[in-house]
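What follows are several structures.
Heads up, the next two complexes both have chain A, just with different partners, chain B and then chain C.
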Partner chain A sequence: MIEEVFAVGTSRIHRVDPRHRVVFAAVFSVQTAIGKEPAALILALAAALVLVLAARLDARRVLQRSVPVLAFLMLLWLVLPWTVPGRPWLTTGPLSASMEGVRLSWQISLKSISILLALMALTATMTAATLGHALHHLGVPEKIVSLLMITYRYLFVIEAEFTRLWRAAKVRGFRPRTNLHSYRTYAYLVGMLFVRASDRAERVYAAMRCRGFKGKFYTLAVFPAGRDTVWFSLGMSGLAIAMAAAEWTATV
Partner chain B sequence: MDRTDPIIELKGVSFAYPGGPQVIRHLDFALHKRDRIGLVAPNGSGKTTLLHLILGLLKPSEGEVRLFGRSMRGEKDFVLLRTKIGLLFQDADDQLFNPTVIEDVAFGPLNTGKTREEALAISRDTLHRLGLSGFEDRITHKLSGGEKQMVAMATIVALQPEALLLDEPTVGLDEKTHKRLIALLAELALPCVIISHAFDFLSATTDRILTMENGRIVLDEEMRVHIHEHAHKLGSKPHRHV
Partner chain C sequence: MHISEGVLSGPVLGAGAALAAAGTAVGLKTLDYEKIAGAALLAAGFFVASLIHVPLGPGNVHLILNGIVGLLLGWGAFPALLVALLLQAVLFQYGGLTALGVNVLIMAVPGLVCYYLFRSMLWKSARLRIAAGFGCGFLGVLLAGLIAAAALVISEESFLEVAGLILAAHVPVMFIEGIVSASGVAFIHKVQPSLLPGGPPR
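Moving on, here comes the complex of A and B:
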């Protein structure tokens, strides 16, 4: 089930104005993505961990959600150190891991984990509707916001259809094997999924129009104003400056 | 709108799905101010299609749709009047897409220009009327079938419509909710078209039962006999001869 597990909460982070969270999440992500200095990246990771703690996210869920990224990183560690040319760092038989490869792997790992955690703490802690609303208030064009929101809605729809089809196959004794019958069934399932999803999407959109939808989303959520927002923004600005400073001092 | 104009009027409307047979054929239909119409016909006879044509969700290949005395020529016309007629979809899952119940019910009022406070007040009041107090923060996709159906009904009532089109509203309802829906419709006293196979429900909520045959609406005698028989088969349950 696709769920907005982190969206509802009463933590410090949840109480910060979503617009501020979106802006600083963007700043943080860009800065971390282009950062090179270990000091800056370690700072980023520390900050991301603090944010996750402050948002009081369920540790198990956070891990669960990180699995795809961690798997990707593992693959990276298996490949990069041995393929990037450079000074040898560790030699086993004919293979040798280069310093440059290891450094690159570290960088990528730190960056992706930091960004993932920060996004979980900052943007996954609001509902998609609130995110849309915040983006709209930040001047993102209405069409893009709508596209995002509707894509998000239909994701649920497609998932629900898939679960239904999958269940229908299972109750009739379908067990995935490596044979033609299994592959054909998969193909039918996917084909059916697209057909059903597009039908459903059309009806959902029709139902929305029947309730006066004209492309603009409103939300019942009000943007909280309070000390949490002020402290958050000060803290995040401080972090941005510190990370920039770490990069800058290293280059001069 | 003239006082005597029907709320809904279809004149010689035809429709076929792309590549399919003609589902609706030169259909004439009118819903007046005091009409409460039940529509009974076998699956696949075009009942749902008819409701969708009325609100301009489908475009007729010929004929004219008039709402509140005005001829509807395209999406521009329908946009203005669509929310005055509440359509309950056959599948409640099509209708509920907001994360929480209160957000879903408030979706219509917010779209029609109500402020946040007004929308909240209307939504709470509507939920209360439908016996759904306490459902505000429930997650819509985790509701039971019957609960979804009633919340979908709430999203329609919250629009404060002037007429109702209900597509099989009783599917999945338990006895108690069934009765509550009947009471609600009596209280709203709105002109309506109700598609249903539940004859006891129709006889409690509508005054006239029509059917569809070959893509047209008819009031045929056979249908009356059928309803009659059916009611008797229900045994001791109270019923009215339509």
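Moving on, here comes the complex of A and C:
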């Protein structure tokens, strides 16, 4: 099931103007992604944790959502320390983990987890529809916003469509296994999904034309500025400056 | 096959974003408003297909189908996949904002290659059509893996082994995608040929 588990809430973060959240999520992500200094990255992680707490996200859900990233990081930890050349840090038999490898693994872990948490706290705390409105206000091209809105609108319909087809296949006794028959059945299900999607697209476009669609989505959403938005933006700006300073003092 | 946030280097992220933006700009030119709804619905289909897990031995893998999306949309695959990946980042936190450009390239470039390579093979014979479908699935995943591996290795030479592991893990996926895409293309050809590039008008 496709669910927006963090989208609805009453926390301070949920009350911040979505445009500000999107902009600062982007700034934070870029800054963290290109950051190198441990001090700056630890600051980023601390800030991301504060944001998650402030957004009052369900801890269990946060962990669930982190599983793919954690799995990838685990792979890195299993490989990098042993393959990056450098001074030995821990030697077990013929293998030795290098300082450089461990440092690289730490750096990537800090970055990945910080950005992931910040993304949960800042962009996952709005519905994709709100995100579309925010992007529209931020000057993202009309066509992309339209594409995003229609995709989001029909995502759930297409998913329901698939569930229906799947149930029908189950009722007819389909049991997925590793064989050609199963793969072909999946192919027909997906093929049907695409055919139905394109049929629906024509009806959708016709309906949009009937309602006078001229290639423009009018978004009526207004985002009033509140005290939370001001504090949030001040805090995030301060964080950006502090992270930049940490990077800069280390290079001087 | 998403590359997580915080893994790639700044220059790779920047170059990926620039190339993805260029591809998206071309794609948007080809998508007039009549086709936007179609592209959006296919983007939704791609999103849902990526949630479908097919069995592979004791485990399972999820479908990718970037080859078929490319075949059906051509350059339009860039904006469609951009939107689908953005939604995945927002709804599931798979991938994120900084790696979005690179992730779009990983999915859309193979799709575009499939479009140019295989669209003329769809209308000659049933056997060629099956081959084209298989090629879409197989090449779609193979090229995606290669682009992902290249992005990793250019970022950091020590990612070589990790990139190799990821590519190796996707070899069975290439065959499964090939089989599914071959049957999928044959199915679409039978049920609604107008969907395929160069197909008869409805």
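One rule holds in what follows: the second predicted complex is superposed on the first by the 226 of 252 C-alpha atoms of A that agree within 3 Å, B and C clash if a C-alpha of one lies under 4 Å from a C-alpha of the other, contacts with A are read in each partner's own complex, and residues count from 1 in each chain.
Methods note: a residue touches a chain if its C-beta (ideal position, glycine included) is under 8 Å from a C-beta of that chain, and two chains touch if they have at least 3 such contacts.
Model, not experiment: these values are computed from the prediction.
> Name the contact category of A:200: first (chain B only), second (chain C only), both, or neither.
both
> Between chain B (first) and chain C (second), which, if any, makes contact with A:222: first, second, both or neither?
First partner only.
> Touching A:213, do we find chain B (first), chain C (second), both, or neither?
In the superposition, A:213 contacts both chain B and chain C.
> Tell me which partner A:115 touches in the superposition: chain B (first), chain C (second), both or neither.
After superposing on A, A:115 lies in contact with chain C but is clear of chain B.
> Let me test your reading of the model: by the given contact rule, A:170 touches which partner, first (chain B), second (chain C), both or neither?
In the superposition, A:170 touches no partner, neither chain B nor chain C.
> Between chain B and chain C, whom does A:29 touch in the aligned arrangement: first, second, both, or neither?
second
> Once chain A of both complexes is superposed, is A:155 in touch with chain B (first), chain C (second), both, or neither?
In the superposition, A:155 contacts chain C only.
> Check whether chain B or chain C contacts more residues of chain A in the superposed model.
For chain A, the partner with the higher number of touched residues is C.
> Of the residues on chain A, which ones does chain B touch that chain C also touches?
Dual-contact residues (chain A): 4, 128, 157, 200, 204, 208, 213.
> Residues of chain C touching chain A in their complex?
That would be residues 2, 4-10, 13, 24, 28, 31, 33-34, 36-45, 47-49, 51-52, 54-57, 63, 65, 68, 72, 79-80, 82-84, 86-87, 89-94, 96-99, 156, 158, 160-162, 165, 176, 179-185, 187-188, 191-192, 195 of chain C.
> How about chain B: which of its residues touch chain A in the complex?
Going by the criterion above, the answer is residues 52, 55, 57, 79, 82-83, 86-87, 89, 91, 93-95, 97-99, 102-103, 106-108, 110-112, 116, 119-120, 141, 155, 159.
> Across the complex, what residues on chain A touch chain C?
Touching chain C: residues 2-4, 25-26, 29-30, 32-34, 65-66, 68-69, 72-73, 75-76, 79-80, 83-85, 101, 104, 108, 110-116, 119-120, 123-124, 128, 131, 141, 143-144, 146-148, 150-152, 154-155, 157-159, 162, 176-178, 180, 182-184, 186-195, 197-202, 204-205, 208, 213, 215 of chain A.
> Considering the complex alone, what residue numbers of chain A touch chain B?
4, 7, 127-129, 153, 156-157, 160, 200, 203-204, 206-214, 216, 218-220, 222
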